[in-house]
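Paired with subunit B in one complex and with subunit C in the other, subunit A is shared by the two complexes that follow.
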Partner chain A sequence: MAAWLGRRLAYALLTFFGITVAVFFLIRAVPGDPVTYHLMQSGRGLSAPPEVIEQIRRTHRLDRPVTVQYAYWLADLARLDLGRSFVDRRPVRDRILEKLPNTLLLNGAALLLALMLALPAGIFGAARPGHWFDRASGVIFLLLYSLPAFWVALLLMDLLSVRLGWFPLLGATSGNYSDLSGFEKLGDRLWHMVLPVATLAYGQFAFFARFTRSSMREVMGAEYLTAARARGVGERRLILSHALRNALIPMVTVLGVSVPVLLSGSVIVETLFAWDGLGRMYYMAVLARDYPVVMGMTVLTALATLAAYLITDALYPVVDPRVRVGGERS
Partner chain B sequence: MTPGRQAALTSPTAGLQRGWASRLAVTWLVLVALIALGRNFLANGEPLLLRDDRGWSSPALSGRPSGERSPDAFTLRAPVAHSPNAVQIDRRLEAPSRAHPMGTDELGRDVLARMIHGAAVSLAIGAAAAGIALLLGSLLGALAGYYGGLADWIISRSIEVLVCFPFLFLVLALVALFRPSVMTLILALGLTSWTSEARLVRGEFLRLREMEFTDAARASGARDWRIIMRHLMPNAIAPVIVLASFGVGSAILVESALSFLGLGVPLPTASWGSILSAADDYMGHAWWLALFPGLAIFGTVVACNVLGESIRGALNPKGK
Partner chain C sequence: MNRPARQGSRLPYALLTSLALILILLQVSGCRREQSVPAPTETTASSVPQDGGTLVRRLEADINTLNMALIGTGPEREVMSLLHDPLIEVNERLELIPGIAERWEISEDKRSYIFYLNPLATFSDGTPVRASDVVYTIRTIADPATESAQLSSYFVGLDPLRTRAIDEFTVEVGFDRARASQLAAFNIGILPEHFYSKGDFGEDFNDTVLGSGPYVLTKRDPGQQIILERRKDYWRTTPHIQRVIFRIIPDDAVAWNAAKRGDIDETKMTSDQWQLERNRPEVTSTIDIRRFYSLDYNFIAWNNRRPLLADPRVRTALSMCLDRAAIINNVYFGTARIITGPFTPDQNAYDPDIPPIEFRPEDAARILASLGWRDTDRDGVLDKDGKPLAIEVLLSAGNKTSNLQAQIFQDALAKIGVRLDLVRVDGATMISRALEGDYDATFLAWGLDLDPDPYSYFHSSQFPPNGMNIVYYSNPEADRLMEQAREELDPAARIALYHQLHGVLAADQPYTWTVQPSIKWAVNKRIQGLRESNGLGLFLWYPGQYEWWIPETMRKHDAPAPEGSPQ
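What follows is the complex of A and B.
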């Protein structure tokens, strides 16, 4: 176990370096840098005197070789310092921590909703293959899975926000949020969450429901279920207790893979609904060539993904006692 | 010919013959492809054929505007007599009518003409990106699975690095940082989405390289490259075709999302996603800008996914 953990941690560290090196060098290899962006923003255009450009480059260490810049960045990272944003000069760590709750709220709610609906839908379909519910849900899952999220968001906003005025169009809270009482604040938050959560959840719902159904079907053919049925175990108990427990095993992996999305957020939904979260922040940082913010988000998502994979693999023997750590079946 | 190869060649089509859904999907895709190929004949503001005092000419194909014409000149016009980029500022945001069956956009351009020309962009990017992912993924997967050792180690670690980054984050960064163009989009989508193909082919190769027919090929003096391409790949490729079919759909989705965010195909080139981005600005006023391109994207992605499903079903009849 200790040897396995050590090897996995070493791999994770290696992967982490691979990612940061790749992104660090990639964003510096492309045309345009934060200096040109800064000058455009401040209205000085590209006609700024060379000494000014040189000075800005020096403060951001952009005049040093890329390898030296990376070494500096790594040294800062070791002290848990992600640097300061090129755009508003605030520490990247503060900016990430500030947006994190919004993103967690939105994506957590969507994931939870999707799972709560998907499990029963998948189980019910698998319990009666060929039943009208199973066939109809198969088609619906496929259609939902193919629906472009930004189009759905657009139609929902057009119909329910602009035309009918039922839901707020943009943002995570109303303008007068700070004046509201505690209970009203909660209501305001929930009211703002309805459309973005629905947009995020339907695709995940379709994915999880299909997955639940297929892993249930795979288990349903097993001989131990026939044996249980022969022993007189009731159909309900057979499905919910005997089959489901085994069908949920592959679910652990799929859930583990989707956890990092909770942190990285959804670029499209957050941008469309002006939801002040990490996905939108990353999108704007990429456009502004805000290297420290892009790197900060890279570190966050990479760590989240690696941790999720590691935990998933470590949990596997707990969920399925036949598996030993390291992935082989005994 | 090995039995596996026979199965790979015959069963996908056998699956397509079953079921109206897959037939509908194929019809839709063929139709969109034909529209994309014939876009200059279907939607063009210039006449396809013109006969005036200088004889026969085709302004639509030659690209030279016909300019002033005598009223008695014979003209054959395209079914949609508008060019996708012809701006008519006095006819902006008009609802669908006889002259403009899908309405006009914020610059008075004909939406139907832009839809027809946008089909080419969406299909080309979808097919090319999925093609790159298929080629790259199966090649790297084959090398990793066949040789094992260091090659496997390097390729597997690269997959891990790539998978650790949210897909859209990566594509967004690539497209935003480099100059957006059709080529950038194809490369950004293709170079980031080959990992599942590679994993699948690697797994198949790990299994196949231990089989007797591989030993037989090696014993008869075949070189590694020949064993990989002629003996193992045909047996491993069938399930990857399924992934590629889903890949086309997902590439079309991501392209339209990027165009929607303003990071896709550069303007004024029409793309389904970029028509939709105008709908965002005129929400509540111009439903036709949202409806038609959205339906086109949805229909095409559904068709790709149905196709993938039915190929999968044909390859694995017991999987239902």
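What follows is the complex of A and C.
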């Protein structure tokens, strides 16, 4: 196990550096220049005197060769310093930490909600194939999965916020949030989360429900279940403990892939609901060629992905006793 | 086995029911929420402005800094304008009027400016605005080490030795050359030296601010809102509105919904929103829609260095194929106007007597034929010396209006055998290719300064990276006119020079000037005292927003004022 972990960690580290090198050089190879883009944002043209532009380039080391820039970046990373944003001059680490809780809260709640609804829906569909519910849900899940999020968000806003006034249109809290009591604060936050969480969750719900159903169906045909049924195991126990446990094995992989998404955020939902999260920050940083922020988010998502894969692999023996880590014979 | 089945079915049932409910509700389009605030009528609103109340404005993006010398974006200018009073104000007719400086003199050699500061002017910490603060601010902005990318361009040629405090409230600012445009550059806020000189200027003042404006910052929630409160001890006429909240709403559709709900009091509207919504009763009962022109124009830039596009006759022929009437009607729903040159019709530098280039594709075809362009290989595209008349146009992928205009243009040109290839790229790519001259043509817009000087866009010394002559236009006569005009301090003589220049540029067509779209702005009807400026809109001129007021009966968003704040 220790040898396996050591080897996996070494691979993960190599992969991590591979990713940083690739993104560092690729983002600089893309046409577009961070300094001129930022200066042109005002629409007033690039009127800054050349010596000011040169000074800005020097400050951000953009006048040095790319390899030298990468060496500086690595040295800073070793000190846990992700550099400063070209756009607002603030440390990238502070910007990420400031928005991380918002993104985690929104995406975590959506994932949790989607799973809580999807598992029962998928199991029920699998237990009663051909039942009207199973057939209807097949169509509905496909429909939900294909609805574009921006359209659903605008529809939810128009209906539940503009017309009916049940939920706030945007933001994470009300304007008078700081004047509320502790309990009211919680309520205010939850109230603001309903629409963005619903927008994020419906697609994931449809995906997980379909996934659970098909995975369950696959297992339900297995001989060991027929044997169990012949032994007189009740249908409920058969599904919930015999079949579900095996059906959940592939779910571990899928969930592992979902973890990095929790951190990288969602551009559409964050933009529409004016939710100050990492997704929009990342997107704007790519548009503005804000290299330090792009690299900071790369570090964050790469680490999260690698950690999730590592944990997923380590979890396999737990959910599936046939799997042994480290390649020893079972 | 019954129980789990039922448990399993309960949730999906609920889901299906709520889905059905949503579908039903969507059918009931008449079901609309009434506004919580009564629609104001002539009788409820008294005509005497009342002080107090909270105004909720929309910001399209969060600000990156609160340091006035480092700002660059529109939202930053909007927020800063309430926190810092400028040395010189501008009014709704784009005229320069006293601000912190109650009067000024320009020296005989036109190279030095003497400002007499209003001794009543104070920063929000109570200290007076002194001549030394003006010197500090201007020297800081002009110093390349400050990296003041936007403002430093206004102080090129500053003579630091002749920029000095004459006495406590008199300041001289000297330059190494005379510039007619220089005075408008003093429409900038003043930084208190005692505050900004302590610490690292680039890093320590992005989250904190001290200014002389009528409002002070009370709260900033990154990505969410910025709250300003009116100063108790403001040194000149106090604005009526007590608190201004800037809510950050990036998306236009969402901002319009927020305006309809009354969550925000003002937002810019898109042309599509204006066309679809302006006559709906639930909109007209609560929202006042204003239209005006701002200091900007749209154009097609022709890379004059490309052999195909080097001849002004070819560029003129291309301009003749731009159906501006179709663009105004189909893209802007009639809310745009034709412009013929490098100024906007609201600037007196613009010569209204210069006729626009008419939409005459047949004449364009004749001009091209006279220049030797024929379709010899019968492929539908004109050619000369074996080269087809094909032009690649760079478009910003997200910009709907320029994409529509380009398609209208493409269709018209195809009919006379000119091929327009539309290439869509992202904003940063477009800017760097434009600055590197790596393009044939592109759709762009300029936001103009208060002063009309177009030197940086058209003088032959201003090819990138020296300036913004991204089309590599070069005409000795235009050069001479621009050189004369920027040193001509007599306004009438300067206008005459710009009218001549306008004629030269209209004949040469380094750009095809397309149209100037009007700006549509929604303001909640509870706001009184609204006036707009053609050129500057609702904000960024004096008194502008400071005249706005909210009748007591229509107050909302008013949180209890913090301890000790002025009432």
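The rule we apply is simple: the second predicted complex is superposed on the first by the 317 of 330 C-alpha atoms of A that agree within 3 Å, B and C clash if a C-alpha of one lies under 4 Å from a C-alpha of the other, contacts with A are read in each partner's own complex, and residues count from 1 in each chain.
One rule holds for everything that comes next: contacts are C-beta pairs under 8 Å (C-beta built on N, C-alpha and C of every residue); 3 or more make two chains touch, one makes a residue touch a chain.
Please read these numbers as outputs of a predicted model, since none were measured by experiment.
Q: Fit or clash for subunit B plus subunit C once both are placed on subunit A?
A: clash
Q: Name the chain, either subunit B or subunit C, that contacts more residues of subunit A.
A: More residues of subunit A are touched by C.
Q: Is A:Thr271 contacted by the first partner subunit B, the second partner subunit C, both or neither?
A: both
Q: Scan A:Leu117 for contacts with subunit B and subunit C and give back first, second, both or neither.
A: second
Q: Go through the superposed model and pick first if A:Gly165 touches only subunit B, second if only subunit C, both, or neither.
A: Second partner only.
Q: Between subunit B (first) and subunit C (second), which does A:Ala22 come into contact with in this model arrangement: first, second, both, or neither?
A: Once the two structures are laid over each other on A, A:Ala22 reaches subunit B alone.
Q: Just to be sure I read the superposition right, which of the two partners does A:Ala10 touch: subunit B = first, subunit C = second, or both, or neither?
A: neither
Q: Have a look at where A:Met157 lands relative to subunit B and subunit C in the superposition and call it first, second, both or neither.
A: both
Q: Mind working out whether A:Leu287 is in touch with subunit B, subunit C, both or neither, as first, second, both or neither?
A: both
Q: Which partner does A:Leu306 reach: the first (subunit B), the second (subunit C), both, or neither?
A: After superposing on A, A:Leu306 lies in contact with subunit B but is clear of subunit C.
Q: Thinking of the overlay built on chain A, is A:Leu147 touched by subunit B (first), by subunit C (second), by both, or by neither?
A: The first partner, subunit B, only.
Q: Looking at the overlay, which bit of subunit C runs into subunit B, 94-102, 202-210, 364-372 or 400-408?
A: 400-408
Q: From the superposed pair, tell me which subunit A residues show up as contacts to subunit B and also as contacts to subunit C.
A: In subunit A, positions 30-32, 154-155, 157-158, 162-163, 271-272, 287, 289 sit in both the subunit B and subunit C interfaces.
Q: Would you pull the subunit A residues touching subunit C in the complex into a rising list?
A: Result: residues 30-34, 36-56, 59, 87-90, 98-99, 102, 117, 120-121, 123-124, 127-128, 133, 136-137, 140, 154-155, 157-159, 161-165, 168-173, 175-176, 178-179, 234-236, 239-240, 271-276, 280, 287-289 of subunit A touch subunit C.
Q: Considering the complex alone, what residue numbers of subunit A touch subunit B?
A: Residues of subunit A touching subunit B: 11, 14-15, 18-19, 22-23, 26-27, 30-32, 129, 142-143, 145-151, 154-155, 157-158, 162-163, 217, 260-261, 264, 267-268, 271-272, 282-283, 286-287, 289, 294, 297-298, 301-302, 305-306.
Q: Under the touch definition given earlier, write down the residues of subunit C that touch subunit A in their complex.
A: 1, 3-5, 7-9, 11-12, 15-16, 19, 22, 25-26, 31-33, 56, 62, 64-65, 70, 72-74, 144-145, 147-150, 152-153, 156, 202-203, 206, 219, 222-225, 245, 247-251, 253-254, 257-258, 260-261, 263, 296, 425-429, 431-433, 435, 445-449, 456-457, 464-468, 557, 559-560
Q: Which stretch or stretches of subunit B touch subunit A in the complex?
A: Result: residues 157-158, 160-161, 163-166, 168-169, 172-173, 176-179, 249, 253, 256-257, 260-261, 276, 279-280, 283-284, 287, 290, 294, 297-298, 301-302, 304-306, 309, 320 of subunit B touch subunit A.
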